[in-house]
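Heads up, the next two complexes both have subunit A, just with different partners, subunit B and then subunit C.
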Partner chain A sequence: MTAPPPAGVPIIRLGDILLTGLLDDLDDKTALRFTEELTERIADEGARGVVIDISRLEIIDSFVARVLTESAAAGRLLGARMIVAGMRPAVAITLCGLGLALSGVETALTAERAVAALGWRRDPARVHGSRPHATR
Partner chain B sequence: MRPGEASAVDAPVSPVGFTESTHPVRDEPDLLATRHAVRSAAVAAGFDLVGQTMIVTAASELVRNAYIHGGGGTLTISAIGAAHGRRGLRLTVADSGPGIQDVEAALTDGFSTGAGLGHGLGGTRRLVDEFAIDTEAGRGTTVTVVRWVT
Partner chain C sequence: MATEDDLKVRDLLVRVLREHDAEILDLWVRAQSERAAVTALGERELRSEAAGVIAALREGLETGLPVGDVVERHAPAREAVVRLSVRRARAGVDPTATALATLALKDTLLDVLREHTDEPGALFSAAITVNRLLDAAGALTFASYVEGREEIIRTQHRQMLELSTPVVRLWRGVLAVPLIGTLDSARTQLVMNGLLEAIQADEAPVAIIDITGVPTVDTVVAHHLLQTVTAVRLMGAECFISGIRPAIAQTITQLGIDLSTITTRATLADALAEAVRLLDADFPDMASERVRSAL
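On to the complex of A and B.
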C-alpha cells in the first residue's frame, strides 16, 4: 500500500455520503493532498455523494478554485455526486471577477442543503436554528 | 516604490495617516502572512467586505505568481489617499525572476506556462481599478495595482 499521509483536512462519513470542509489557512501541500485523500476515500468507501463545505473560506483564489474544480471532477469520475457548499457572497462576486465561476461544479447555499439534496435527512425535531457545521 | 515607474498608478499621497509596509514573499507561510497583512490594511482603509475580498484575492494571485514564477520577492502595501478624501490601497509585488516573456499573452485568461488555470493575472486586473506591469527578461517583474474604496 502506498496510501498518502493523512491530509490536515478531516473527512467525515455520514452513511454513504462524505462531508468535508476547507479552512482559510489552507497551504498548498495540504490542498493538493486533500484532493488525493478525498478521491481515495470515495473509492474505498463507495461514497455516493460528497459535500465540500467552503463556508470558512474568506477568499478563493485561482489556486483554491483549481483544487475545488479538480477534486469535484475526480470524484465525479468515480461516480460520486460532488457538491461544493456554503460559499460566502463576497467570495462568489470576487470569483466571477476572476473569471472562475466553478462551471461544471454543483453548488449549494449551505452544507445542510447539500446533504439534503443527496437524500440524507437529519432528525426533523432538530432542523431549526442549526448552523451548517452542526451537521458534523 | 521606485520613482518614475508605473506612473499610471501613482496617486497623490495624503500627508496624514500614510502608511506603507513591505513583506517578504519567500515561502508558503509568507503567502498566508501577506494575505493577512492586506486584509488588515483593507479593513483599516475602510473597504467593505466585497472590496476587502477583491483586494486580498488580487494580492494572493500576485504574491503566488511572484513565489511560483518569480522565485520569490516582496509585497509593499501602501495606504493612499487623495486630497479630496478618496482612500485606497496600492499593492506593489516585485520579484527579480525571469520576467514575463509576453505580457499580452500572460494577461489572457487560460494562458499559463505552468499547471495553473491561467486566470491569475487577467483576473486580478478585473478586481482592481488600476493595474500596471513592469517586466524585463532576466531582470524581474513588478506588478502594481490600486483599488479605491467605493
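On to the complex of A and C.
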C-alpha cells in the first residue's frame, strides 16, 4: 500500500475525529486529492467522525459543492459521521440558488459545535485540554 | 407649407396669450375647479401653476419650434406641464381629471380666441394650432402622471422592504423573523440574507420564521419558505416555521405542498418552547449558561 502524495489541504487527527477545512483558493486537482486522502484516512484510522470547516470559504461553485457532497457520502459509507461546519451566509444562499442542498450532509454552525456534536466537550473545570467521552 | 399663415396664426395666439392672460387664467382655473376633482390643491396654488403653464406655452410658441413639438422640446413648457401632472399624481387626483385639466385649457383658449377674432379662416387655423399644441401637452400630462404614480409605488415598495425584515432575538440562541405580507422572491432574498447574517453573528442554533402575518401560502410562497429553511440548515442551524393558521394549513394540504421536512408549529410560543427543548437537548452548555444568566 503506497501512501497518498501529500495534499495541499491539512487533515488533523484528534483522537477518533478528523478535522479539516477548505479554503477559497481550492483548485480542482487539490480538491480531488483531498477527497481521496480524506477517504483513505477515514478507512485507515477508523475515524468515527469528520469535521470539514468551511468558514474561510467565501464563494462556492458547483464543483466544490460536489466535492463536499461526495466526500461526505464516501465518509458515511465508511461509517464516519460527516459534519460540514461554519458555512457563510453567502455560500448558503449560493448553494440554495444552485439547487444544491447538500442532502444527507450534516451541518454545524461552527467547528466547535461540530466537534461537540461528535462527543467532545469543553470542560470548564479541567483546564488541561478536553477528553473524548460520551455527551450527556 | 403655409408658413406665412402659420406665422400669422402664431402671432395671433401669442398676442392673445399675452394680452388676455388674466382672462384665460381665470377661465381655465374656473374650468378646472368646476370639475371638482382638484379640491386637493388649493385655489392659489392652482392659479400660480396655471399662470406658469400659460406663460411657458407662450414663450414656447415664440421660439418658432413646430407647434406639435413645443411642449416636448421647449424646456420650460415641458417642465411646467410635468410639474402640473406630477403634483396631481402626488395629491391623489385621478388620471382622467389630470388629463382633462390640460385639455380644459383648449376650450378656454378657443373661447377667448373667438371673442377676439372676427375672421373665420384665422379662427379655424388657430383652432388647429391650439389643438396640436395642447394634444401634445395632454399626452405629456398623462405620461408624467403615470411616471409620478410609479415613483410613489417604487418608494412605497422600498419602504415596505425595509419594514419587512427585522430579525429579533427571542431567547439566547433563538432568533425569530416575524413575516408580514406576501413573500415574493425579492423579499425572500432580503429575509434570507438578514436571517443568515444574524445566525452567523449570534451563533444561534435555532431560527423561527413566523408567518402569522402572511395572508396566504401558495406554491411560490412555500417554495421560498423551503429555500430559506434549506439555507439555514446549510449554515448548521435548525429552522422552525410558526404561525400557521388552520385555514393556511388546509390550503397547504389541498395544494399538496410537502412541508414534512420542516418542523412547523401553530404559534410562535409553541415554536419557542420547541426551540428551548432542542437547545436543552443539544447544547446543554448553552442551557446552563442560560440558567445562570436567568438567576
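Throughout what follows, the second predicted complex is superposed on the first by the 123 of 136 C-alpha atoms of A that agree within 3 Å, B and C clash if a C-alpha of one lies under 4 Å from a C-alpha of the other, contacts with A are read in each partner's own complex, and residues count from 1 in each chain.
The definition used in the following text is that a residue touches a chain if its C-beta (ideal position, glycine included) is under 8 Å from a C-beta of that chain, and two chains touch if they have at least 3 such contacts.
Computed from a prediction, not measured in an experiment: that's the story for all the values here.
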First, second, both or neither for A:Ile93, with subunit B first and subunit C second: both
First (subunit B), second (subunit C), both or neither touched by A:Asp25: first
First (subunit B), second (subunit C), both or neither touched by A:Ile59: first
Touching partner for A:Ala101 - first (subunit B), second (subunit C), both, neither: second
Where subunit A meets both subunit C and subunit B, residue numbers: 88-89, 91, 93
Subunit A-touching residues of subunit C, taken from the complex the two chains share: 189, 192-193, 196-197, 199-200, 203-205, 227, 230-237, 282-285
Complex contact set, residues of subunit A against subunit C: 84-89, 91-93, 95-96, 101-102, 107-110, 113-114, 116-117, 121-122, 135-136
Sites on subunit B touched by subunit A in the complex: 28-29, 31-32, 35, 39, 49-50, 52-54, 56-57, 60-61, 64, 109, 116-117, 119-120, 122-124, 126-127
Complex contact set, residues of subunit A against subunit B: 25, 27-29, 58-63, 65-66, 69, 88-91, 93-94, 97-100
